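There are two complexes below, and they share subunit A, which is joined by subunit B in the first and by subunit C in the second.
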Partner chain A sequence: MPSQNKISLQRIAEIIGENGFIFIFILWIVILSLTTQTFLSSNNIFTVLRQAAIVSIVAIGEMLIMLLGGMDVSLAAAMGFSGIVATSLMVNFNIPPELAGLVCISIGGLIGLINGILVTIVRINAVIATLGMMNVLNGMALAYTQGKTIVGPQLDQIAFLARGYVGPIPFPVILMFVFYIVFYVILNKTVFGAHIYAIGNNDKASWLAGIKVDRMKILAFTVAGFLAGFSGLLQASRQGSATSSMGNEFLFPILTAVILGGISLSGGRGKIQNTLIASVFLMTITNGMVLLGISLYVQGIISGLILIIALSLDRLRYRRR
Partner chain B sequence: MKRLVVFILLVAMLTACAQPPAATPAPPQKPTLLTDKLGEAQDLVPTDAEVAAAKSALGTGKIGIIPCTMGSEYHSTVTNSAVARAKELGITAEISDPQAKAEAQISAIENFVSAGAKVIMICVLDPAVVKPALQAAVDKGVYIVQTSGRESALNGIGISIEDADLGCAAGELAGDAINTVLGGKATVAILDYPDLPNVVIRADNIEKCLKEKASGATIVGRFKGGTTDFGQTSMENALQANPDIDVVASINDAGAYGALTALEAAKKDPAKTIIVGIDAEAHARELIKAGGMYYGTVDTNPAETGVMGINAAIKLLAGATVPKDIKVPVVKITKATLQ
Partner chain C sequence: MAATDHILSLSDIHRSFPGVKALDGVSFQIPRASVHALVGANGAGKSTLIKILSGALVPDSGQIVFENQVYAPSHPSAAIKLGVSTIYQELNLLPTRSVIANINVGKEPNRFGFLDEKVARQKAEKILGQLGASAIPLDALVGELKVSEKQIVEIAKALIGQCKLLIMDEPTAALNDVEINALFKIIKELKEQGVTILYVSHRLKEIFRLADNVTVLRDGKHVRTTPVAQVTTDALINDMIGRKIMGAFPPKNAALGGEVLRLEHLTSSNTFRDVSFSVRGGQVAAITGLAGSGKVELGKALIGDWPVDSGQIILHGEKFKPDPSRAKSARFGYMPEDRKKEGVLEELSVRRNISLPSLAEISNILGFILFNKETGLAQRQVDGLDIKTPSLLQLVRNLSGGNQQKVSLAKWLATGSEILLLVEPTQGIDVGVKFEIYKLIHKLSSEGATIILVSSEISEILGLSHQIIVLHNGQVQAILGGDQTNEEEILQFTFGQEKEKST
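Up next is the complex of A and B:
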C-alpha cells in the first residue's frame, strides 16, 4: 500500500514536471473558477483574450528572434512609435486609414530591418543593438508628440481593428488566432521554419549546410518589426489615441510570454502554441487578481510568485528531459 | 603591456589637454527665504534689477530642469513653459528627462551639477530616493526649485502643487457628481499608480474626499491606471468583477481616457456614468465640453507652474527675499466652468 502511494505521488510529480507552466495555468484557472462567479463567463474569457491579443502578436516576432538565439528589446518601442505615426497621419494629415496602416506596418518592418542589419552585418550584440534602437524610438516618440496625446475622430475609422466584434467574438481575438495558425504552419511545415530551428540549434553547422544564416536573421528581425508595426496600429485602435509612452508597458509582458512559453534563451527550442498560452496566462493573472479583489498593492507580489513557480516547473521539465 | 602604456599616456594627455573648469563667479547674496508665509505666484515675479543680478550670478552656468517625465502632457507643458520663460529672459535652461524613474533623477542631478548648473528645477518623483543627491547638490551651492512633493525644497523654493490637494479636488468633483447626477449612490473605482509614492497620495485623498462628499458611494477598489492602456485594461477587468461601476476617479487624465474606452465598450449610459481625472489636458477639456461621461478634471495650471519655476530661480540667484513655499491654486474644471 505505501509503495502504491509512493508510485502515485511520483506519477503526480511527473505529470506536473511534464506540463510545466501549463499546470500552474490550469491550477490558476481552477482556483478562479471556484472562487469567482465571473471568471468562466464568456464575456470575461473574451476580455482576457482581447487583452492578450496585442501582446501575443508581438510575441510571435520576439519568438522568431529568440529561436535564432537573439533577443529584440525594441519591439515594444517599435510598436509604440509605429502607432504614433499612424495616428498622427490620420489625425493631423487626414491620411486614409488604409494608407496610414500601411505606413505604420512598413515603419515597423524598416525598424526590424535596421535591427537585423545591425546584428548581422555590423555585428552588434542583438540585445545591445535593440536596446539602442529602443532608446532612439522612445526619444523620437517623445520628440514627435511633445508629450501630448494624439486623438481625433479620424481614429474611429480604425476602431473595429481592436474594439470590433465578429458575432460575439472580438475581432482582435480572431486576428490573434489567425496569426498563430499562419506562423504555426510557417514554423512547423515550411523550410523557413526548419531553418529557423536549425540556426538556433547551431548556426555554424547551419551555415556549413548551406543555410544563409545572416539573411535568415535579417528576415526574422524584419518580420518581427512588421508584426510590431501592425500591433502598434492595433494598440492605437484599442486606445483610440496615441501617447509618447504608448507601448512602453509591453516590453515586460512580451519577453515574459516568450520565455514563459518555453522558448530557450540560447535558441533552437520552443513551441509557438506555448507562447500563445503564456500570453493568455499573463493576462489571466492580472484579470484573476482583480476578480478576486486582491489589493493593488500586493498584486505585484502575487503575480511575481506565480511567474516564478511556473517558470521553475517549466525548467524542471527540461531538466528531466 | 604596450597597449596599456599607450592607453595610460593617452589618458594623461587628454587630462592635461582638458579645459579647466569654468571660473566660478562670485557667489550672490544669499537669498532670504521666509518660511512663515505661504506665497503666491506674484511673489515670484522678478524685477528687471533682479533679472540682471540673476544673469550676473549665473554667469556661464545654467538652470537644469528635471521633470517627472516628458511623456505626459502636464509635465511636458510645465517643462516647455519653463524653457520658454528662460529663453525669454535670455537664460540657459536645459532639460534632462528621467522618464518617470526616480533613480534616473539622481543621475540627472549629478550631471547638471557637473555641467555647472546653479539652479535645479525638479519635479521630485520619490523624495526618499532623490533627497541625498539633492543634498549633495545643495552642498555645492546649487539652489533647488521643487515643483512637486509635500516637503519644502532644500535650499530653495517649493512650488507646491500638493498631491493631497489634487486628489482631494478630484474626490470632491466625483462626490459632487455622485450627489447631483446619481442621487448620492454610486459604485466607484479609483485608478491609482502605486509605483510612485506621491501619486498614491493623490489616490488616498481622492478616496478620503469622495467619501466625505458622498457618503452613499461604495468604493469597490483601486486599480492600476496612470497610462491609457493600464486604465483601459484595469477597467475591463474591474467591470467583470463589478459590472455596476458607474464612477471612475483617476489620478490623471491619461488613465481616465482608458477607463472611458472600457466603459463605452461596456455600453454604460453616458448620462449615468461619471469619470473624473486630474491634469486638465486639452483632450480631457474637449471630452468634458462634449458632455459625455467625462464629468471633470482638476487643473494644475502647468504652463504657469513652469513660468513660476524659472521666476523662482531668478529670485534665488538674485538673492531676493522670497517665501520658501509657494502654493499653486488647484482649479476644478467641469462643463459649467468651461462654458
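Up next is the complex of A and C:
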C-alpha cells in the first residue's frame, strides 16, 4: 500500500536525520584508520579532542539558544572580544590572571544579556540582533588592538588552561567533558532544562502555562555569553596571544556543530551529547584531510558541503509538520 | 414558465468531519440576481457550505449546478474563474499594495509580462465608479483605508473577475450604521446589474432589510428556504434553535461561596467595552455571544493574552494585573480555545504536559525534577480524567482531540487551580468526551472551584451555568440567571435585542 510505503520512508528519513551524521562519522573514522597509520594513535586522538574543546564549549551556549528556536551569530565575536580584553589586562596592565579571567567571563555574560534583552524586550529577530552585535564587537576589537597582536610573558600564567596536561590527558579535554556532563544534567534533570525544551516546542503554550518565557530566553543568551567569554580565555591561552580576528574562525564551526548535532532550527528538539559528537566530528574532518594530504584549498569545499548535508537532514526530519 | 431562473442549485450535499456531520443532505436553490440570506446558529454548517461553494472544500456527496453546469471547483481560484467570489470576514487584501494593485491582483493587465499600469488604473477607476465609490484614492495603500473602504476594494476585486455569484460572510460585522447603509446601497446596485449575492449574517434585522429569500440551516440540515416577506424574526430564531432535547445535566452546585473574581468596567478599545460582573466560589459563569462579540477576547484578557485599556480585574479582593505566570500563582488556570497551538505542547510527553505548571513544586531546592513525583502527579490526572494514552511518555501529538483537551485541562487540576477559565472546551470533540467534560465541570464547581466558561453552545451554557453573561458587539447585553432563562431568550440577546423588549 502506498500509504504504508510513505510511513516507512518517513521512518527511514527520521532515523537518518536523528543519527545520520553519526553513521557518516563512523564511516569516516574507518576510512581514516585504514588509510593512515597515525589517526588512531592516542597522540592524534588527544589532538583532535583538544581542538574540539573550545568549539564544543561555545557550542553548548549556541545549543541552548537554538533549542529555544533562536540563533546567536555573535558568540564567536564575543569570544574574540573578551579574549582581547583579558589578554590586554594581563599584558598591558599587569592585572592578575584570576581577575582578568573573571572580567573576561563577565564581559561575555554582559554581551549575552544585551543580546537577550534585544531579542525579548525590544523584540528584534535573534539573527539580526546578534549580527549587529557581531559587527559592533568585531569593530571594537579592531579599534582597540589597532590590528596589532597582543602578546607578553604574562600570558604564560594562563597557558595551562588550553595547553596543560593532567597525566596524558590535555586539560581542555577534561574541561570539555566537565561542561558537557554539567549541562547534560541541567538540560535533562532540572526545571531549567524542562522549561528550555518546553519553550522551544511551543513558546505561546509555554507562556500560557505560566512559564516566564522572556526571562528564560534572556537567561539562555546570558549563559551562552558566559561560555563564550570563558572560551575566549581558552583561545587566548591556546594562542598565547590575542588578535582582533581571534574569534572569527569559530563562527562557522559553532553553528555547524550544533546543527550537525541535530538541534532543529525550529527549536525544541535535540540532544546535547550529539552536539559534542558533532564538534569532535568536525575536528576529525579537518584532521583527517590533513592526514590524507588533501589540499588546503579544497578543505573549505568539503566542510561547506557537510553543513549543507546536515541542514538537509534537519529539513527532511521536520518536513512532516 | 421561465419564472424561476436559478443561478445556483444544491442537491443533497453531504460533508462530514471526524465525529461531525457538518452538512447532512442540504438542498436549496438561489434565483438569479437576488440577494439570498443564509442563517443558522454556530455549528449549523454555514461555514462549511461557504467553503464548498468557494472551492476550499469538496463535498462528500451531492451535486451543485451553477449556471446550468455541474459545479465542482477543485480550488478557490477555480471557483473565481467560474464566477463565484467570496468575501470573508477577515478580508483578503494586500495591505502594503495600492488600491489599483489590489483590485487587479491575479488579473494584472500586461503586455508580454510587463504590467500595463494605465489599463490597470482605468479598470480600477471604472469599477469603483460603478460602485459609487470614486472617493477611494486609487494610489492609497489598502492598509491605510477604513474597513468599509477595504470591503469595497474587495468587492471591486471580485467584480473585475467577472463575478456572477458573490458570497459575503458577515460583511457588516466591523461597520458602523452609515457604512452599513452605503454597503447595502452597493449590494442593491449589484443586484440591479445582475449579480447574485449570497449573504451570510447573524444580524437578522439586516436580512429583513436586504434579502429576497432566506435559507435556514440547523445542525447541518436544511430547515427551510423561503421568501423573506413570508417569515418573522421569531420564526427564524425558532428554526435556528429547533426543539433540541436537552442533555441530562446534573443539578448545579447549590453551595456558593464568596466573591472570587470581579470585573470592573473592563475595556479593550475595539473588542469589548465596559464589561462588569462578579463571580463567586463554586459558581459556573458563562460568557457567550456571537462570533465577533468579543467573548473569546474577553476570556483571553482575563489571563493577559489580550490587551486591556481600562477597567480592572479584582481577584480574591485584590487588583490583578493579568499575566499567565501571575495567574498560575493565584491558582487561576486557563484552557485556551486553540488547544493544539496554545493548550498543549504536542512534541512533549503526556507526563511533561501535565506537570509543566507544577514543575517548581515537584523539584528540589537545586531545581532538580523529582521524577517519581512527576510520574505520580501525571498518573493521578490520567486516571482521574480517564485520559486514553498508551503510556505517560507518549507524545501528546499522538492523542485524539478529546484526550488532548483533557491534557490541556489536567495540567491545571494537577497544580491545584481554584479558578478555571475554559474557552470553548467542547469545540470539535466527540459527544462522549463532551459529557465527560460537563461532568468534570460540575464536579469541580461542587468542590468549590470557580469556573468561567466562554462558550457558543447555548445548551451547555444552560445546562452548566449559574450565571450567563451575554455579549453583543463587545458590550454586556444581559446578565441572566442560569435557571431563569431559556435558549430563545439567550439567543435573542446574542442577536442584540434590548432587555426591555424581551419580557
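Descriptive notes on the structure:
Convention: the second predicted complex is superposed on the first by the 283 of 321 C-alpha atoms of A that agree within 3 Å, B and C clash if a C-alpha of one lies under 4 Å from a C-alpha of the other, contacts with A are read in each partner's own complex, and residues count from 1 in each chain.
Simple rule for what comes next: a residue touches a chain if its C-beta (ideal position, glycine included) is under 8 Å from a C-beta of that chain, and two chains touch if they have at least 3 such contacts.
Fair warning: this is a prediction, and the values are worked out from it, not measured in the lab.
Once chain A of one complex is fitted onto chain A of the other, the partner contacts of A:43 are limited to subunit B, with no touch recorded for subunit C. Looking at the shared chain after the overlay, A:190 reaches subunit C, while subunit B stays out of its contact range. Applying the stated contact rule after C-alpha superposition, one finds that A:163 touches subunit B and leaves subunit C untouched. Shared-chain residue A:286: touches subunit B; no touch with subunit C. For subunit A, the partner touching the most residues, choosing from subunit B and subunit C, is B. In the superposed pair of complexes, A:95 makes contact with neither subunit B nor subunit C. Once the two complexes are overlaid on the shared chain, A:211 sits against subunit C while remaining clear of subunit B. Of the two partner chains, neither subunit B nor subunit C is touched by A:174.
Judged by the touch definition given at the top, the superposed model places A:245 against subunit B, while subunit C stays out of reach. Once the two complexes are overlaid on chain A, none of the subunit A residues touched by subunit B in the first is touched by subunit C in the second. The residues of subunit A lying in touch with subunit B in their complex are 36, 38, 41, 43-44, 47, 50-51, 138, 142, 146-149, 151, 163, 235, 238-241, 243-246, 248-249, 286-287, 290-291, 293, 295-297, 299. The residues of subunit B lying in touch with subunit A in their complex are 69-73, 75-77, 80, 97, 99, 192, 194, 221-224, 227-230, 232-234, 236-238, 240-241, 254, 257-258, 261, 265, 281-283.
Against subunit A, the residues of subunit C that register as touching in their complex are 303, 305, 324-325, 327-329, 334, 336, 341-348, 352, 356-357, 359-360, 363, 366-369, 411.
If you check the complex, the residues on subunit A that touch subunit C are 189-192, 194-195, 197-198, 201-202, 204-212, 268-269.
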